[in-house]
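Down below are the structures I want you to see.
Both of the next two complexes hold subunit A, though its partner changes from subunit B to subunit C.
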Partner chain A sequence: MSILSDIILILLNGLQQGAIYVLLAVGLSIILGTLKFVNFAHGALYLIGTYAGVFIALNISLSNGKLFEWGFTTFGLDLGFFAALVLVPILVFVVGLLMERFVARPFYDRPDTDQILVTFGLAIVVQELFRILFGSNSLPFDQPETILSFGSFAGIPVSGPVALPIVGNFPQWRLYVIGITAVLVALVYIMVEYTDFGLVVRAGTRDAEMVRLLGIKITRPYIVVFGIGAALAGVAGVVGGPLNVVNPTIGTNILVPAFLTVVIGGVGSIAGAVVGGIVFGLTTAALVSLAPAWSQVGLYAIAAIVLLTRPQGILGDEEVAP
Partner chain B sequence: MSEEDANPNAKDANPSSSEALVGSDLFGRWEQLRGREGTVVGLTAIFVAVFPWLFARAPVVSDFLQGYQSLATLILIWGIFAIGFDLLLGYTGLLSFGHAAFWGGAAYASGIVAKNISGDPIVMVVSGTLFAILLAWLLGFLSLRRGGIYFSILTLAFAQMMYFMAASPLAFLTNGENGLTGVDVGNLFGVIHLEADIPSIGGMLLGTWLYAFVGFIFVAAVAVAYRILNSPYGMVFRAIRENEQRAEFVGLNVWRYKLMAFIISGAFAGIAGSLFTIHGAYVPLQSLFWTESGDIVVMTVLGGAGSMFGPVLGVGVYLYIENIVSTVQALTIPFTDIVLIKDFGFYWHLLLGIVFVAVVWVVPDGLWGIIGRVRTFVSDRMGGER
Partner chain C sequence: MARDTKPLNRRDVLKATGVAGLAGLAGCTGGGGGDGDGNGGGDGEDYPSLGNYPIEGDTATFGFNVPQSGPYASEGEDELRAYQLAVKHLNEGGGWVDSQFDDLSGDGVVGYTIDYVDGDTATDADQARQSASGMIQRDNAIMISGGSSSAVAIAVQGLCQNEKVMFMACLTHSNDTTGKDCVRYSFREMFNAYMTGQALAPVVKEAYGEGLKFYQLYADYSWGQTQQASMNQFMTDVAGWEQVESVATPLGTTDYSTYLSEAQSSGADVLILNHYGLDGANSIQQAVDAGINEDMEIIVPLYNRPMAEAAGGAIENVYGTLAWDSQIDNAPSKEFTEAFQSEYDRVPSGPAQVAYAQTLQYAAAVERAGTFYPPEVIKQLEDYEYDNIGMGSEVMRGCDHQAQRDVPVVKGLPGSEQESGKYYEIVNITSRDDLGYACDAGPAAECELGSYE
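Up next is the complex of A and B:
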């Protein structure tokens, strides 16, 4: 009984932890695979998503930072969590479009190291902007009680425990995180694999020059891919925010595991990003309950082992990897 | 073009230039001299000798700069780190995001040696550096199997692994989150107390014995790095940066040279890391965190990767903004009381980030590259027949 329930708990917690990595990694991976652009500012998009989520969903009182000094004591629209879940991806999608147009495009023809450097610098700038505006303190971002509540309709409860067979009570919100991730990733997968748009994107991944010679404007799919990747990072910020702390360093802190997820899964492969995220999530969850001191070390050790034995990643394709 | 690339030409400059006009003759002589190792090391030594005085004690200049002795020492320590890092990034073309492993690893190693075996500064530096070399050998062997962005990410992953190792599984050695406290740094050669001021004129120029110790190692590091980079061995590093495949085809063992560049660079980081422990008598856990690797990347690129002194300039600018500009209350127009930006110091990191992005975008050869272009402009005017 107890061993089985422990295993299932580890699996569920691992999936939930992995879900956030998957959302970030799928975006990073399609950008890296398709556009051959190394985006060290992906964590900054997560950061923007989280703060935008707080802004749209809640109305919190500020106590720190320049916004407070300038006389804003409260911050937020208080539209509810569902609104944040819909609006934040749109907002971050637009941020992604702007970023592709004005940051990534001038750097496509420059070396990888320049791309890493400029996006790393950008990540610092975004992080510092948020630190200045909101202070270094953590913002409260509670897990939502209900979603879709308006007027007399009480909404669907999403917080609190839910009774599961074998393991007993489990925080309901975590299941929703897993569900939201699964749906979104499936949508992106269908779009890339089964639509005309996806066909162009995949062709561009193989040989962008050939696609251009065939008379297809590849810049438009490119900018959309960047936007979608960014929007996924925004969603990760909204659903992941309530599970972790919210402060200006979360962007740079989540970047490293997210990148490793992409690399161990295999660049340019959505399935790879999912596998990578789940491997990381399960490893972390297992080590947290078995050997807490080693939980973080294990993550990096796994990444190192995979990269050394299978450099193109678990599901990677040698031809696509830059 | 970086300055070093010009040096081989400067060395065997056309002798007929000595027959040119007197004004350009002096300039031509300087052009010949400035490429020589003796000149470079000599000028570095002079700079190291007057830097703390100018920075912290000279009338007018130091009042304007607001510098202090301990920051001068810190700039030289990070300078050694940056020279080593540039050897890898600027000359071999490998972007490591994990150099905190060598910096912090050496800092911990020397601190642990000081606590358990001997606090002799030389023993500390040697043990820290040895540890960094061994670690660089191991991590380089593993990370260099992959090129490009994978190399950056692998080094990042290994360094983060070190960080989390120090944070909890090895906390019995490293004291975990609190950092390694209570490091007792002994006397140099058993007699010289490093924190003490140097008597007489030396004290006026250099300040403390610690600065003299760090300064001596800095000059030695510059000499070694200059010798490596201007030797045939260093030429191979540059060949690999320019075109790895071609270097391979010529028959060079690219893998071995890359590994060696990584180890040399790790050794420099190790020397700097050990000195950092001696300087602060404390090792923060932060010294292993990946933002520390990011800092050295920013410093090196800001100053100018691919040049000898660019990264040191970058270190100076970075640490100056971090430690002194950050304390500025309000930015005023000079000699007036008109406030341009309130709480200016508060924005220091943002300012650095913006400057960094601008440098990467517009002038990839950094601040030193700008200086180099000004120099070329002037020398074209002065010695047109060169």
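Up next is the complex of A and C:
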């Protein structure tokens, strides 16, 4: 194997591993940046997104948990993956709104530690709820065979390996994960940077009081920001779910890497979250390839180096950082 | 049922006094001054106090320490079901208690009613030790059973040796459990990585041919390390294959894609995935997604049902070994499957069978000894021969407390042929005569069991 193919593999693997973290980190980062709210329940939104994805896209047989005991032997609507990709963000957006209203809002003016405690508690509640309903057993979330199949159109095949030049076989779905992430992040970026809504949000981030004095109701954009962050976590659950098997701990497992991505990239900056995710993914992929024993340490080492040398993160703005 | 809060009794006071008197030694079972006359049931023989013996009252408590979270949680859940079933059968009869274990009456054990407490090891050695410690200190458990993760089993059996409480190992497959980390107070029914290597090598040599190159990924802890070493040994010596590389992956890794890319570009013909539980389900699924099964043969040395269930069709044609399977055609296997199914409406997994067997095995040894006094129970189990748990004729070897038993070799079924409880076909049940090692060879050479008292 040539060095070139090694480098390309590291890039591809790094990008796809980073992609899921980018989706989560963008949501976390804008919520943290605009609302100054530390949301440890963000992983729970990912969890909800994944299970909702399984429910909408597939129809799987159950063998565990209360649902099974109550007589449900199958679970799912079998509407296909594309339906999940469209419906899950809407569903998790609504969950995000509810979370904002009933969990986050009463805690906006409370210290960070209170916010961490309440959201972490919520994350555990959600996780255990899923464990009770579905059992600890892992559910298979098969990668979609095709997407966008309508009538006579067979759809675009997305699962299985695809032969790439130089590197050979690569799991096709992982390339789509990179693509879907790129499109979604670009959409959010455009919304925040180039729309009136984005302007209000950014202004509110700088000086909420002044925005209010100018007669703009800032609460509503904030709720929407929370919902968008949640929806992104939901999408991450749908596109990331099929990469691994699904079980109730995936939400808490992904939370720490997602937070590290925010830390590395910089709070409140979409570009920062993207950079953080890519740095994170590439480092892990490169270390696994070159020095596997150090792959887990490398991530935390990078986070430590960034915090020591640039506490606001690679692209973070010192004023915005809480 | 679990964790009853009993009022303070004499033994608790003695323990507290002992602990207070020996500051710094908190955690020891005190009560050294006890005269051992606290027998409440039929445990008539007078033996000195040792560990949690004698038992106060007329209820003996077992501690079931299983992973209820972490990568092996699915296995733990099924183990716990089997433990609960075993306790029910010990107290009320049913299952193997009625049909296979003549020593057991179905009316408790030597006159004591059996109760249990359960704990979560979180698939983590430290947490498991704390949990077991609580069962021994707080709940006065007379026997601990559990596992799924050899790191956990080794940590807990070490604790049990110190506390003089018996440990009936459930799912632990590392060579070290009954090798260099073996202890007098622990017994293992499950076979080990060494025997898996012995059982698999001839089968895969037959299936894939000689002179192949293989690449290994392994979970980076006791089990994975000994597992990859044994696979290397037997694939090299027996199958005549050559190892290209063996790479450690952290326990609980979710994304194996980069590791798998490396394996794919290594030029090897065979990929051996020494991963278990959720890790195994993830790594094999991702290997298939990457198309590795088109270029390489995949082997998963240790399988189980929850793992196959999670991996789905990805296990098609993948060889491995497993503890036990409900498809094994003999009376004990069928009886256990029926009892489990009628209780839980589901097919039991291999780890569940081991959990159930180990609990009854301990209880039967207590009955034969006529007492819960650990050294007597241990002597009943050492070199004990049995043929009642569905895995053929077995002996619990005295020199290393490792059961000498048959090992089932299986091959994964395609997704379309899988159904609940049936995920693989049994290729061969390798006889114990073709497996194992002498007491002074293999892992047993490093085993020193330690004292009875």
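Just so it is clear, the second predicted complex is superposed on the first by the 319 of 322 C-alpha atoms of A that agree within 3 Å, B and C clash if a C-alpha of one lies under 4 Å from a C-alpha of the other, contacts with A are read in each partner's own complex, and residues count from 1 in each chain.
Everything that follows uses one rule, which is that a residue touches a chain if its C-beta (ideal position, glycine included) is under 8 Å from a C-beta of that chain, and two chains touch if they have at least 3 such contacts.
Values in this document were obtained by computation on a predicted structure and should not be read as measured data.
Novice: In the superposed model on subunit A, is it clash or fit for subunit B and subunit C?
Specialist: These partners clash in the superposed model.
Novice: Once chain A of both complexes is superposed, is A:S61 in touch with subunit B (first), subunit C (second), both, or neither?
Specialist: Touch partner of A:S61: subunit C, not subunit B.
Novice: With both structures fitted on chain A, tell me whether subunit B or subunit C touches more of subunit A's residues.
Specialist: C
Novice: So in the superposed three-chain picture, is A:T309 touching just subunit B, just subunit C, both, or none of them (first/second/both/neither)?
Specialist: Neither partner.
Novice: Is A:G121 contacted by the first partner subunit B, the second partner subunit C, both or neither?
Specialist: Only subunit B; A:G121 stays clear of subunit C.
Novice: A:Q296 in the overlay: touching subunit B, subunit C, both, or neither? Say first, second, both or neither.
Specialist: Both partners, subunit B and subunit C.
Novice: Of the two partner chains, subunit B (first) and subunit C (second), which one does A:P161 touch, if any: first, second, both, or neither?
Specialist: Only subunit C is touched by A:P161; subunit B is not.
Novice: In the superposed arrangement, does A:L260 touch subunit B (first), subunit C (second), both or neither?
Specialist: The answer is first: A:L260 touches subunit B but not subunit C.
Novice: Can you check which stretch of subunit B gets into subunit C in the overlay, out of 58-66, 256-264 or 364-372?
Specialist: 58-66
Novice: Considering each complex separately, which residues of subunit A are in contact with subunit B in the first and with subunit C in the second?
Specialist: Comparing the two interfaces on subunit A, one with subunit B and one with subunit C, the shared residues are 292-293, 296.
Novice: Quick check: in the complex, which residue numbers of subunit A touch subunit B?
Specialist: Residue list for subunit A touching subunit B: 38, 106, 112-114, 116-118, 120-122, 124-125, 128-129, 131-132, 252, 256, 259-260, 263, 292-294, 296-297, 300-301, 303-304, 307-308, 311, 322.
Novice: Mind listing the subunit C positions that touch subunit A in their complex?
Specialist: Within the complex, subunit C touches subunit A at residues 68-70, 73-74, 76-77, 247-250, 252, 254-255, 257-259, 261-262, 264-267, 278, 281-282, 285-286, 289-292, 294-295, 306, 309-312, 346, 420.
Novice: Under the touch definition given earlier, write down the residues of subunit B that touch subunit A in their complex.
Specialist: Residues in contact with subunit A: 89, 93, 95, 97, 142, 145-146, 148-150, 152-154, 156-158, 160-161, 164-165, 167-169, 171, 290-291, 294, 297-298, 301, 346-347, 349-350, 352-354, 356-357, 360-361, 364.
Novice: Within their complex, state which residues of subunit A touch subunit C.
Specialist: On the subunit A side, the touching residues are 1, 5-6, 9-10, 13-14, 16-17, 61, 63-64, 135-140, 142-143, 159-161, 167-171, 173-174, 243-245, 247, 249-250, 253, 284-285, 288-289, 292-293, 295-296.
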